[in-house]
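So, here come the structures, one by one.
One chain, chain A, appears in both complexes that follow, with chain B as partner in the first and chain C in the second.
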Partner chain A sequence: MNYTSRANNYPLYIRSVPTQNELKFHYTVHTSLDVVEEKISAVGKSLGDQRELYLGLLYPTEDYKVYGYVTNSKVKFVIVVDSSNTSLRDNEIRSMFRKLHNSFTDVMCNPFHNPGDQIQSKAFDGIVSGMMVQTG
Partner chain B sequence: MADEASFQFLHNEVVQYVYKSAENGESENGRNITKLENMGFRVGQGLIERLTKDTIRFKDELDIMKFICKDFWTCVFKKQIDNLRTNHQGIYVLQDNKFRLLGQLSAGKQYLDQAPKYLTFTCGLVRGALTNLGVKSIVTAEVSTMPACKFQVMIQKV
Partner chain C sequence: MSVPDYLQCAEDHQTVLVVVQPVGIVPEDQFFKIYKRIASVSQVSIRDSQRLLYIRYRHHYLPENNEWGDFQTHRKVVGLISITTCGPAKEWPQTAERFHGQKEVYSSTLYDSRLLVFGLQGEIAEQQRTDVAFYPSFEDCSDVEKRVEDFVESIFIVLESKRLDRATDKSGDKIPLLCVPFEKKDFVGLDTDSRHYKKRCQGRMRKHVGDLCLQAGMLQDALVHYHMAVELLRGVNDFLWLGAALEGLCSASVIFHYPGGTAGKTAGRKPSISQPADAGKRHRPGEHMILGALTANGISADTSTEIGRAKNCLSPEDIIEKYKEAISYYGKYKNAGVIELEACVKAVRVLAIQKRAREASEFLQNAVYINLGQLSEEEKIQRYSILSELYELIGFHRKSAFFKRVAAMQCVAPTIPEPGWRACYKLLLETLPGYSLSLDPKDFSKGTHRGWAAVQMRLLHELVYASRRMGNPGLSVRHLSFLLQTMLDFLSDQEKKEVTQSLENYTSKCPGGMEVITLPDGLKLPPVPFTKLPIVRSVKLLNLPVSLRPHKVKGLLGQNMSTASPFIYSPIIMHNRGEERCKKIDFQWVQGDVCEVQLMVYNPMPYELRVENMGLLTSGVEFESLPAALSLPAESGLYPVTLVGVPRTAGNITVNGYHTSVFGVTSDCLLEGLAGVKSSGCLVEVIPSLPRLQLSTSLPRSEHHLMKELSSTVSVQLFNGETQQLTITLENIGSEQIETLELTSKIVNTKEKVFGEFLSWELEEASSHLPLKPGQAVTLAVSIKVKLDFSGQESLLQDLNDDGISVTGLPISSPLRQVLKPRSETKPVSSESGKAEYSHVKTLEAVLNFKYSGGPGKVEGYYRELSLGVHVDVEPSVFFTRVSTLPATSTRQCHLLLDIFNPTEHELTVSAKNNQDLVLHASECQRMAIQVDKFDFESLPQPDQETARFTNPKQLEEERQHAQGCQINSKLGICWSIISFQCACCSVTMK
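On to the complex of A and B.
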């Protein structure tokens, strides 16, 4: 399980459990960015409420499922979950992204944080840890 | 409204402070404008993050400018921009006929030469907001008769 937020396509924050295989997660997240870009730029062509922030399941590999979310300020959140974890429903993923976004907004408003720097806020760490523990 | 007044007073004090501290130090005049603009820039970045948290994604540049004129301006100044003009080639002019931060200064031409100092923070605010929405720009302001003023936004094509 892995969370990351990226601005201008470099990572601001990456966290995973278990902590080995982190490099593989870096790679997965980086390649999923292409899918995110594709989804954002396809606004005019697809049907439905494509102007939502939640992007849904980006693509499934045999081991993982990757979900994406993009904010209006062009920051992308990516969650990678084990395929074996089938108990996670769409609603839960959506609410996880909402919590992440709320927490990220708080980080941005912190005067000690410069936009574009790595995220070092303990509060943000806490929210992420809470979510990871909850979903295993 | 009580909450509006506190921001106005604080803003005026900030402008006075920046200029007074320049008198004691060695910085030239241009640096004060830059300091104020940078303050506005950082505030704009954080503010736009909060404001766009629940809105759907923007369609294009014009959509973004309309958002600035309506929701953003309402949030900061409790009113909307009165007039938005564009040449559809990256230049937008936002006109506010009763700019809140100038309202207390004068009702005409008095203190006109001091007005630009009080507009730079807002210029930075708009620039910061646009930057975080992915739009690089240069924002300038002009005023001919207070309290009306115009903000000119020039989009930089990268």
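On to the complex of A and C.
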């Protein structure tokens, strides 16, 4: 399971369990951005700001499912989950993203946080860890 | 069929395949020259029919793939062009034999063939043969294109006849079953009379006719046939052929919708030069339809069902749907993997044209999973590369980069006996844009980091490794430097250590420099200056030391007021809004003198950083930089570093940056490229050279600092009234002659009233030595006289004055004496009580200013100042505590009684004119009687009325007192000397 959130196409926060073979997830998430961008550009034209933030399943690979979520300020959240994990439905993923987004907003509200820096917030860490534990 | 053709696209379905091959030994370059000329005939308009025939040339085609020719006719080799060289005529039969052998390979499918013979002359060449053309040489073959066109026309005739033959064959009594190679054994023993079987035969034949129509340029007919085939085959669940029919339908529709082609620029069809100019124009959708209709009416008797033509054609959305369907049918057959893969590729190309990137990515994703069995390494590389290209085509740059990188890694897979590091490196370079990496460090110097650092770092490491294995350590160094410079923030301490270690390893073989590395394919790798090793925070140009600063002679009027405005103050300020760094600094450097620039640097590395050969980069004047080496402790704070250099010419100098050598990589760091560097300006005027003067004195230096700007200070301790000779040696240590020398003095920060001249000198003697050549010295004697008034010290006087008569202390005498040691040493530390109170020390300070000039700098009006501080501690000497007079024997004379007190701890002798010496012990008070002539103060010259009017009374009084003092002095001539000093040069002077 692997959570990342990012803006402007460089990572703000990356977390994965298990930690071995993390680079593989880096690649997975990095390439998923192609799809994210494609989706945003397609939606952006038609609906303007009425956009649904949740992008849904970006693409399935053999072992993982990659989900995406983009805030209005184009901060991207990507969640990669094991394909074998069937307990995670679309709704669960959606709520995970919402939680993540809320927590991210809190981080941004921190006056000492410099937007664009790597996120080093204990609260955010806690939320992410909580979700990871929950989903196993 | 095992080798997929990744370059296939939908419109290839309408081409006929012609193989061009060499026979015997043909030089490769010559072969490809001819091949190119042949390949330029890619479309031929057929006489009479106004149809276009497209030709696809291959110089290499597996006969195995040819066997799929019935399945999709564009896979069938219908033409063969052989190229051969033939010298003597007797070789000809052998060559002809070989040609026939080659024809045999494709004999089952071949419509026609040609042999181009080069070099053969003689009677054989005279023969007129349709299937053989003779050319004397590779250069002399102007009608190759014409020949090929003729050849293509002959192919067309065969094709057309086949098409007509098959299309009209409606009797249905014995339609052969077309099948693909792997199906053959499946149909053995099948009931050939069943309805099912017949339908299958019909369906497959329809599809085949559709293919032929498409190739023959009859798009609409092809569509009709394909539609029929789909219906027939769907009924009998013949999935493989159903897929083929659907794909045919798609291809025909794509050709109809996108006449420009889907293969992209490289394989795009351009109207060939040999074609008439209007050939390109003909190929338009509208016209095409009409043409198709016309020809259908003209030639084909069949395909009578004139269903609305446009209706047969699939809409762009349907094309994709049908492709999907076709691919899913292909997917049912393991042996049709290549067909499925190629279909995917074709569909992706179509989607790319339709700009439906996400659906295209789904097709590609599918293509990734198609298993083609055991692939050779080379095929794997090809496959990944093509995937990468396709992803690029649909705008998925990251995915594209990912696959390109996989392809690169495949080039050097451990299973390959001879890893292709060069190819790997080349592919890796191509992935750079996908990871938003450029190899120019400038792109990373501004703002936040771009791109995904973790994957970028990985890629850079791979580049380093690949370039090393390629045997190009220079490249490795460049990439490694780039990695270190741009990824510094993302490297862990351990990684930093590793990277620098390997960098040092590489540079020991090949030092890194600032030159641009140009790769064979033209890519330029810009140099990577280590601006972060160490990080420079501020740059400050330092003024010269005070004694060396040049001063401008302020002769000309308004030289300082040279600003354009006539106003002293104006709210409208002529702001110089230029770059701060360009601002000129308001001091000057001097040619030939060492100048300093101070950098504040810090080391971001977790270990000690050795910076070697650190110097300045300047422009404007000739500058000799004197490099420094420094060693910065781990994660040091700001650390000042002074870089020095000598300007060799005069003019304006700009400090552009600095150069360093770190880990064996030399870098030139320009300030303009550095972020976060504070600088107060980098432009300074260098004035022509000036001489330098060094000063040494006979007196010891002191730590006293009167003013900060003083170059040196001497200090001396004197008793009140003492005179001291100070010898100053001035040496010209510069390289210019000293032409002028001036000396001035100034007493600073004293409230004491000084009697007489404190410092006096004779400059004429020294001036006579001018001009002073370099290395020469001149001495100058300055005498220091201290005459201070100690009478103000009331505590002292109260003690001493028995009868309350206070005497205004007059400077009495002045022994000349060389001081041997500082007076403080001779003072007993624990002096008797009371004594200390009397030895109040007063200080007197003055500055001697030497102005000198010479050389070219003097011509420009500059001079230098050298100043010497003189610090004198004055101790009280003799006090006259009481003065009274007694009449003497002569009326013109009187006895002057002086109570003399010795506040020092030394024995004193006091003498006066015509009187014997009086010995005074320490702290002793004695009376001395001197017989003097009476005199009258009135006889003193009165200040004239003019001056009196302008000076205030107090001044007048002082002046008078001074004059009186002098009068008394000259009469009395009282001197004192201290006996205990060995060098008793207590020669007494009259005052």
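Quick note on the criterion: the second predicted complex is superposed on the first by the 129 of 136 C-alpha atoms of A that agree within 3 Å, B and C clash if a C-alpha of one lies under 4 Å from a C-alpha of the other, contacts with A are read in each partner's own complex, and residues count from 1 in each chain.
The rule is short, and it goes like this: a contact is a pair of C-beta atoms (placed from the backbone, for glycine too) under 8 Å apart; a residue touches a chain by one contact, two chains touch by 3 or more.
Predicted model, so just to flag it, every value in this text is computed and none were measured.
Student: Applying the document's definition of touch, where does A:Cys109 land relative to chain B and chain C: first, second, both, or neither?
Tutor: After superposing on A, A:Cys109 lies in contact with chain B but is clear of chain C.
Student: Taking the superposition on A as described, I'd like to know which of chain B and chain C A:Val70 touches: first, second, both or neither.
Tutor: So A:Val70 only meets chain B here.
Student: Quick one: classify A:Arg94 as touching chain B (first), chain C (second), both or neither.
Tutor: The answer is neither, since A:Arg94 touches no partner chain.
Student: With both complexes overlaid on chain A, does A:Leu23 touch chain B (first), chain C (second), both or neither?
Tutor: A:Leu23: touches chain C, not chain B.
Student: Which partner does A:Tyr10 contact after superposing on A: first (chain B), second (chain C), both, neither?
Tutor: In the superposition, A:Tyr10 contacts chain C only.
Student: Going by the contact rule set out above, which residues of chain A touch chain C in the complex?
Tutor: 8-11, 14, 22-23, 26-27, 30-31, 33-35, 38-39, 42, 59, 62, 116
Student: Show which residues of chain A lie in contact with chain B when the two form their complex.
Tutor: Going by the criterion above, the answer is residues 40, 43, 49, 51-53, 70-74, 101-102, 104-105, 108-109, 111, 115.
Student: Under the stated contact criterion, what part of chain C meets chain A in this complex?
Tutor: Per the stated touch rule, the residues are 357-358, 361-362, 365, 369, 391, 395-399, 402, 435-436, 448-455, 458.
Student: Which positions of chain B touch chain A when the two form their complex?
Tutor: Where chain B meets chain A, its residues are 42, 45-46, 48-50, 52-53, 55-59, 132-134.
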